[in-house]
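Order as written gives the chain letters A, B and C; numbering starts at 1 within each chain.
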């Protein structure tokens, strides 16, 4: 268990020192903890952005990884903090929708409400439960404390509505769900919804933009070209080769994206 | 000792590669060093900002942690480099005031001037003692080298003036000492100076702003509300719930903040 | 071998989660991997910037360090991925010029083309070989897999033209090759080309700017002064003491810099 990484996802920004406070709290309990920053640049209080990030990046981590996510506008209120067991990993977060993408909607949920103060810091602030509760609990979990010791079973967790792509015969209606650091616009249209490649006859529309075909990789078109492709998370994205599509075309999260697939004759 | 984390606080920015140069120098000496970034976004040459950050964040780290702070406008001059033992931790920094918040003003100071070249890199540049001296010395300390081997005792360290809150009968006069990444304005008015909660009848003023009462946590008011509260470092702060107070009200470090406490009748 | 650090250099930005995906992929193979961020702020697709950074920072790391560099506009095309053994370290990168600064032009090159899929992830995306190939290969290397197992020998690697300083009798013609986070403008004029200090009679010109003499360290002039000095990477740089030379004088990568050395009489 000691080799389980603990990942941290927050809206703190790296410059704030708050991330380091969490790390100090964790290392005070498990000096051998393996800490990995997932990201600390979630826009302040943007729960959906964190939920997407967590869903995507957690898949790359080994079994038994402990993911701590702190985007917590309700800190200090009666909102619960939960630990969810899913995909052979642990997810600790305030119960405010952050785990919407992780908790399978239908299955019997394996989760606890974090209540046992034995695994918390001695003094609990009203504004920083990442440092005072979630980090310490993750540290204890990484030392082998069983999840069931953390609190009582939590039958369900809070979910937030996230846009899903709507599929009709020859049309998929989705939207942009995040913009990456390259300015690529990632959509909620998953690979599974698209026809098998090659997708030359597929057309992708986004506002005034219309793209013919889906390329396989960025370098399949010349620099500066606007392309649609399936990115590394298995989602359709709109990109400018060696450029920044979001800036150039003022793309934003929530912009509708339509995929027109040819009739399968 | 090998389990002592080494934290790094600098004004280098993460993009520069200078932080990585320090880490490489440390790992060349102690390959098992546990490195934690405290922050690298101290504004260039802002010693006071680093001193506040160090004071706050170091408290979350375990005993025997080694904190290396490199905000060093005087690099290459005759300014000393010191190692201070305080709060059961070690603090390595240029002696330019960075440790003002750590060195207790009154106690007998346990510190050395870093002089023993045996624990330095072979070649010492004139401009990067974080990589060439402070990092390597921290690495040796983490391997068990006693502090007394690093150099001769340093009777006192350089202190910079930092603003302290002035308390009169029904009034506390303080100021904003840092702005965090959420735009919360943190003041030098510590919890200890405030009346016991609830603080409904306390009034807080900052420029044109006037706030009635001190709330317990952000979510105690509706989003967009300006509130005063005691933050996770035990200091009074001014915040906008789910918003950015610093941007919205153009708050700056050094702005005066006045707390009017009701007469205790 | 398990103690070999793995460094990561990318143009991903820390906020994207892509860096964390690479780390998760590495930790899935070697849970004890020691991961160090070299930088993730290489401007998108700027191969030369990464090549300079790698050259400079890798020198501070111990022997057997594994450096993974992912600035990869040609991802998913036929461009090779290589592992180069140089300076007693390993360098894994797409073969697009990133290792220009590392591969000695004249020596017999010790390198392989990364081909053995046994050390890759099961599923290889078309757009993220840092996560799917380079990270995993580095992880296996850190566990003791010999380089020769990764693929067949690669007789030479791709090099990109990088500007070199031209030296004549009393004149060195170079240029700015990077701007650091302090706004210091670092040139391709290496220490070895300059006369032995003191360099009071040397003159340095850059556009309209002309500087008399080369100082030893920043603090050798008063704050706000424009100075030339040899920085911590052994290169001539132009700096403003406690200020930002790049911003103040609008300095840019590629700007010519001339050093006029006095005739050695």
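Just so it is clear, contacts are C-beta pairs under 8 Å (C-beta built on N, C-alpha and C of every residue); 3 or more make two chains touch, one makes a residue touch a chain.
This one's a predicted model, so the numbers in the text were calculated from it and none came from an experiment.
*Asks:* Show me the overlap between the contact partners of chain A and those of chain B.
*Replies:* Touching chain A as well as chain B, we find C.
*Asks:* Angle of the rotation mapping chain A onto its copy chain C, from a C-alpha fit, rounded to a multiple of 5 degrees, please.
*Replies:* 120
*Asks:* Find the geometric centre of each of chain B and chain C from their Cα atoms only, then give the gap between the two centres in Å, rounded to an integer.
*Replies:* So the centre of chain B lies 31 Å away from the centre of chain C.
*Asks:* Which residues does chain C have that touch at least 2 chains other than itself?
*Replies:* 14
*Asks:* Can you list the chain B residues touching chain C in their complex?
*Replies:* Checking each residue of chain B against chain C gives 11-25, 27-28, 31-32, 35, 44-45, 73-77, 125-128, 131-132.
*Asks:* Help me check something: in the complex, which residues belonging to chain A touch chain C?
*Replies:* So the residues of chain A in touch with chain C come to 3, 5, 7, 14, 34, 36-41, 53, 56-62, 65, 180-182, 216-220, 223, 229-232, 242, 244.
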